[in-house]
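Both complexes below contain subunit A, partnered by subunit B and then by subunit C.
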Partner chain A sequence: MMEKINRFYKSFGLPRLIIASFLAILSVTAVVVGLPIGDLFSAILVRFGMHGILVLAMVPAIIAGIGLNFGLPLGILCGLLGGLISIELDLKGFAGFFTAIIIAMPLAAIVGWAYGWLLNRVKGSEMMVATYAGFSAVSIMSIGWLILPLKSPEFAWPIGKGIRTTIALVDRYERVLNDFWDFTLFAESDKLRLLVPTGSILFVLFACLLMWMFLRSRVGVAMRAAGDNPKFAEASGINVNKSRIVGTMLSTILGSIGIIVFNQSFSFIQLYQAPMFMGFGAVAAILIGGASVKKASISNVLIGTLLFQGMLVVSLPVANIIMTLESLAEISRIIISNGIILYALTQVSGGE
Partner chain B sequence: MADRKELFDNIKSFFVSNMVTIVFVILGIVGFYYSGLSLPFFVNELSIRITRNSLLVLALIIPVLAGMGLNFAIVLGAMAGQVAIIAVTHWGIIGVRGFMLAMLLSVPLAIVFGYLTGKLLNKTKGKEMITSLILGFFANGIYQLVFLILIGTLIPMDNPVMVLSSGVGLRVSLDLTGGLKYAIDHIWMMSIPWTALTMSTYTMLFVLIRFYINKAGKMTKKVKNTHLYILAVAVIVALGNIYRINMIDENSAFLWALLATISLPILYIAMKLYFDQSEKMTKKSAQKHYYFVAFALPSFLLSLYIMRTASIFNMLRVPIITVLAIAIVCVFTVYIMKTKLGQDLKTVGQDRHIATTAGIHSDKTRLTAIIISTVLASWGQLFFLQNLGTMSTYGSHEQVGMFSIAALLIGGASVSKATIGQALLGVVLFHTLFIVSPLAGRNVFGDAQLGEFFRAFVAYGVIGLSLGMHAWKKQIQSRNSLK
Partner chain C sequence: MKNNEYVLQMKNISKEYYGNRVLKDINLSVKAGEIHAILGENGAGKSTLMNILFGMTVIHETGGYEGEIVLDNDSINIKSPVEAMDLGIGMVHQEFMLIPGYSITENIKLNREITKDNLVNKFLPDKLKTLDFKKMGTDARKALDTLGMGIDEWVKVAGMPIGYMQFIEIAREIDKKNIKLLVFDEPTAVLTESEASNLLKAMVKIKEAGIAILFITHRLDEVMEVADNVTILRDGELVATKKNNETNVMQLAELMVGRKIEKIKKSSTEKRIGETILSIENLNVMMPGEEIKGLNLEVKAGEIYGIGGLAGQGKIGIANGVMGIYPTSGEITIKGEKLKLNNPKDALNKNIAFVSEDRRGMGLLLDTSIEMNIAITAIQNKGGFIRNFVLFTQVNNKEMKSHALNMIKELDIRCRSEKQVTRRLSGGNQQKVCIARALTLEPAILFVSEPTRGIDVGAKKIVLDTLVKLNKELGMTIVMTSSELAELRSVCDKIAIISEGKVEGILSPDASDVDFGLMMAGEYKKMQSKGDDIK
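Now for the complex of A and B:
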């Protein structure tokens, strides 16, 4: 029995145990103080759909051996551009949503290819270079948002040049996925009423399925081998650099799709400095789900997104009741997400 | 022909190896031109920023030499400084006394933070930079927890000026006016030409004394005595002039006296010694001294000239104590690299395995490097904030790591190499860009924000570029060594 517990503890890992019990305590408190459980749960589901793809974007990068892809903003920027162009074309609903994705994907593929090329040249320091590649891309695109020749009236400030900081997606593709096949459980009870955003959850699960299948394809297996042991893979005839580029491209493309899904659920497109730290949230989520700098799986994505977003959703109202301080939830997010990244970094063997 | 080719190669390699710095010099000049700023205004702004930021950048050097890369965790040092400021301001201790107390208080805090940082970085060897970057974010969360949540709930603090009206958490900004503001800067101010004059005089004196000490052993007694006489006469005449200055009107008389009585004999001896000595010195060391003089002499003459005119530069003033503090940290950094600890640092930085075989406790050495860096950063933040005058409680420390690192890299440093000269040059170039880019952006593109974004892009981009170049170089090197 003890051995079993021990093994479970080892495989589950200390930080996940802490976060899971933290979430459990929060949930119990939420029940005890009488918060509407249904609302909380549907908020978790909505956020799962919002962040799922962005977290999934970490998987190909980690498996291809690049490590945590802090350069996710590169993909996100492509997605934002796709979203803007779809509005510029005056498309609405699903047409607008999918056009945004169709425009964003080739852009992200090109950016991802270049980014992968860059990362192949800086092996061993990928994470640091990726972080700053992301940061500088966000700042250069901030200039881009100021000067891009996009003319749709929704983009314009009342006065001044450049595209607005936030663009409302009402009448565009606001919640197209979330509202697709959505339904309400326990509609009669105030406390338990649970709205399920079916479309966005299905979308995430579908993307996960595709990724799962890809990882079992010939290219996917080669990529995993290249990430696991580059020297061995090279010896057995796998082009390691190419595999890494494929992983980076996939990650970037998923990032671009992820932000469009995020935006439709959030109902706004946020430009300028907003994408700066989005990569960190995704990294933290997959790490909480049990991934490491070298290993990741689809289940890590699902568990991690649920745990991380669950914690964020529940902590806010609970913290509000205890302290009436909204900053507490934000602070715990900073501490937990960066803490888990630090923990993952200390777990990397090597260096010596 | 061979000489010319060699010269050409030298010039080429100079440009290639100093690419980043050269680009920023050009950017700075172009930006200044388009900003439309007047030179005195610009120089004033720049000198304020140089004295304000140099210490923080200097705090980065020792970890770089220890092979730990760019220490983004100086953010923790800055936090230690801010904790001390909060405490001192709360107790109402003002002026120099308050500042001294804050310096004292920040040391144990910074040592603890540095120790913890060092421990963590020893666990993540090879990934120090990303770890220190994330650690900065993490520590920021803890910092917010303490000052936004725990103050007023767990930590009692009764101070309506500093605490939010709800009684929990500190206010977003802390006004240091009437407290620590200018506590150090306003002790002693000197005009810019005066400062430049003094500094260049001391630089030349320093070079002279170095030569003299190198040379003295080999000189005959007669030559030594001659030098002594010249110097004695110079000093006596100078002192006489200083005495007379009280009776004659202004600075100018004193200055000319100074020029005549001290600099001429000094120059004479310096030249003589230089030509005798330069053959014997290593090329590099001779070059360095040459640079010193080449820099000091024109600034000496220029400042003299400016002081003779009614130029507005004479109105601009520099905080001397802060400049001295910067100088002390520079000397400290040079000095420590010459001690046993410094040699250990360098060895560990070059190759940990060799260091361990040589009996150096590499983990402990790395820990020391980070602690020194954190303590220096905490003091740097104190000097920074006493000049700024308001502390953004939750924001002042956030950008410290990034801006300081960008400055150091712009000065020509890399992940594994950094010098004091690069740090100081980097501060000048980075802050030049900081001052001119919003205005240049507005004048050229009609949008100040564009310049600001460009500035942010430059800071991030230069860090990314430098990290990338370094990693690439390392990859090529390891590939070559395999061959």
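Now for the complex of A and C:
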């Protein structure tokens, strides 16, 4: 018995165990203090669908050997641009949503290629360079949003030029995925009513399946080897730099799709400074899921997103009841996400 | 020199690493003012002996040593290098431990600075006192003069020729007041010929100052030039201790190499040796520490071709150069086709496989399963183990698994399952995985570098037997690089000895120990040309 527990503990890892038990305690407390637990769990599912793809975007980057992709905002910006252009084309519903993705993907591919080229030049300090590449791209695009020639009336400020900071998606593709095949469990009970956003969850799972298949393809296997041991890969006739570029491109493309999925669920497109720290949340989630700077898997994505988002959703109302403090959710989010990133970075071992 | 007292006596020194005896009953005595050379191949036990003398932590962490060390009549047990220094044992390192931005004087006096008082610092702790540069300079000058070095003691070390740096290291050692014994660990390995001869002169001067010198080297002529006595180690055993005037280069070479050779039964008559399959012309490989400079080599199909030589002479560089892993120039022809240089992919496509000497660094994906390690190169280059759908490909797990199980059985890879990651396999089993990966490519030419380094005896036999079997049954051409001459002589058809980045000579495995020894030491050509002169 002890051995079994030990083995489980080892494979699951201490951080996950702590967070999972914390989440369990929070959930029990929520029930005890009389919060509608069904609503809380619906919110977790919604947020899982919202963030899943952004977290998945970390996988190819980590596996290709460039580490945690702090430069995710690069992909996010491409997705935002795709979203805006889809609105500019006056598309609605699924048409609008998929057009946004179709426009964003090639943009992200180009940006990802250039970004990968940059990262190949700074081997060894990818994560730091990536962070600043993300920051500067967000800043540059803050100017971009002001001067882009997009004319749709939804973008306009009441006075002045440029695109608004927040654009509502109500008449566009708001919740197209979330509302697809959605259903409610325990509809009669106030406390237990659980709304399942089937479409967005399926979308995340489908993307995960594609990624899993990619990792088992020839290119994927090469990428894995290049990330694991570049010297070995080179000697096995694998072009390491090319593999890293492929990983970076995939990560950027997933980032762009991820933000469109995020926006449809959130019902708004946020521009300017909003994408600045979005990469950090995704990084924290996959790390909580058990990934490291060198290793990541699809299960890390799924577990991490659930735990991280679950904690954020449940902790706020519970904490608000126990002690009322404004912006507690934001504070706890920052503490948890930055704390776990810090923890993961201290685990990076030198050498091998 | 009337002092008959021994400065250092090492009596019956033995050492085991994990049940593996690396030193057996070594006796060594050095007098003051004597240059005592220690001669031996790589792995003969020279460095282990020195590690014991300096009390390096590796020795104590692995269970200490047996025997006694006597320094000036006192039996001592040195526990750390610092203690060794305090006792007056100094070491001149192979890598220079100098600070480039400091002057020669500062480097010589580092951490032993002479300080002086002034008004303010009288009351401060010693560490904060002003340096007495004048006195330090005088001391440094004295040490440099002893070595016959005219260079100004205020010059910064940065940018100096390597030969000078070596001298500064030595100056630092002889400046220590209580120095009794100085160890030179292959000091001439990195020096040019004239620098080396200066160094030898300096050694004689140090000796005349009454300091004992232990001179570790494999250059036979240097030994003959300066050493008073020579101790020869081989496989951890003391083979002989000779006085300079009682021996000669030939004898030393034979003693250094000679050993009984076990032949793996080989029927060389049956062998079909074919046309030239690999020819290398004017090869240059920039592999740090193992550089190849203008080498020519020809390998015939069906041969087991051995490449030997001492560490650092370049033998490892050949296979790495052919595979395109280190920057290479020259001309390599495989079956009449020119090989694209610096291009591992082209080498793989031309049916060359490589088992690297750097097993953990380059030979394996340590956190990946055995089956993937075996299959991956074939997946990437031969389209093996892969299912092709129109738009995408998927690894064929079933095929990969059955192939891996096959290999595990054939090469006797000891593992829990084919899914186990390779990190925790033993060295021998890791090596077998590497070989399995190379065999999966079904190569025409197989390069193996140091196939038996760091693996146990049982695994060694399997590895060597496998190579012989492949050669015999499939007619695979094998180019085997190894530091272990005995191993090369037991399986190869021909052995090229590499010295200073070039082929020193090609011998049959049955050639005499003297020839092998001379070639390894890089003396063979010199001896021959001398012989020609006499004629």
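We take it that the second predicted complex is superposed on the first by the 349 of 352 C-alpha atoms of A that agree within 3 Å, B and C clash if a C-alpha of one lies under 4 Å from a C-alpha of the other, contacts with A are read in each partner's own complex, and residues count from 1 in each chain.
Here is the rule we use: a residue touches a chain if its C-beta (ideal position, glycine included) is under 8 Å from a C-beta of that chain, and two chains touch if they have at least 3 such contacts.
Remember, it's a predicted structure, so these values are computed and weren't measured experimentally.
Visitor: After lining up the shared chain so the two structures overlap, which partner does A:Asp90 touch, if you call subunit B first and subunit C second: first, second, both or neither?
Guide: neither
Visitor: Looking at A:Ile143 after the superposition, I want to know if it touches subunit B, subunit C, both of them or none. Which is it: first, second, both, neither?
Guide: A:Ile143: touches subunit B, not subunit C.
Visitor: Just to be sure I read the superposition right, which of the two partners does A:Ile335 touch: subunit B = first, subunit C = second, or both, or neither?
Guide: first
Visitor: Applying the touch criterion given at the start, work out whether A:Asp171 contacts subunit B, subunit C, both or neither, answering first, second, both or neither.
Guide: neither
Visitor: What is the contact status of A:Gly237 with respect to subunit B (first) and subunit C (second): first, second, both, or neither?
Guide: second
Visitor: State whether subunit B or subunit C is in contact with more residues of subunit A in the superposed arrangement.
Guide: When the residues of subunit A touched by each partner are counted, B comes out ahead.
Visitor: Does the superposition put A:Ala222 against subunit B (first), subunit C (second), both, or neither?
Guide: second
Visitor: By the touch definition at the top of the document, which applies to A:Lys295: first (subunit B), second (subunit C), both, or neither?
Guide: second
Visitor: Quick check on the output: what are the common subunit A residues between the subunit B footprint and the subunit C footprint?
Guide: Touching subunit B in the first complex and subunit C in the second, residues 352 of subunit A appear in both lists.
Visitor: Quick one: which bits of subunit A touch subunit C in the complex? Just the residue numbers, please.
Guide: 213-214, 216-219, 221-222, 224-225, 228-229, 231-232, 234-239, 295, 352
Visitor: What residues on subunit C touch subunit A, complex-wise?
Guide: Of all residues in subunit C, those touching subunit A are 323, 325, 344-345, 347-349, 354, 356, 358, 360-368, 372, 376-377, 379-381, 386, 392-395.
Visitor: Provide the residue numbers of subunit B that touch subunit A in the complex, in ascending order.
Guide: Going through subunit B, the ones touching subunit A are 120, 123-127, 129-131, 133-135, 137-138, 140-142, 144-145, 148-149, 153, 168-169, 352, 445-447, 449-450, 453-454, 456-457, 460-461, 463-464, 467-468, 470-472, 474-475.
Visitor: Quick one: which bits of subunit A touch subunit B in the complex? Just the residue numbers, please.
Guide: 70, 118, 121-125, 127-129, 131-133, 135-136, 138-140, 142-143, 146-147, 161-162, 280, 323, 325, 327-328, 331-332, 334-335, 338-339, 341-342, 345-346, 348, 350-352
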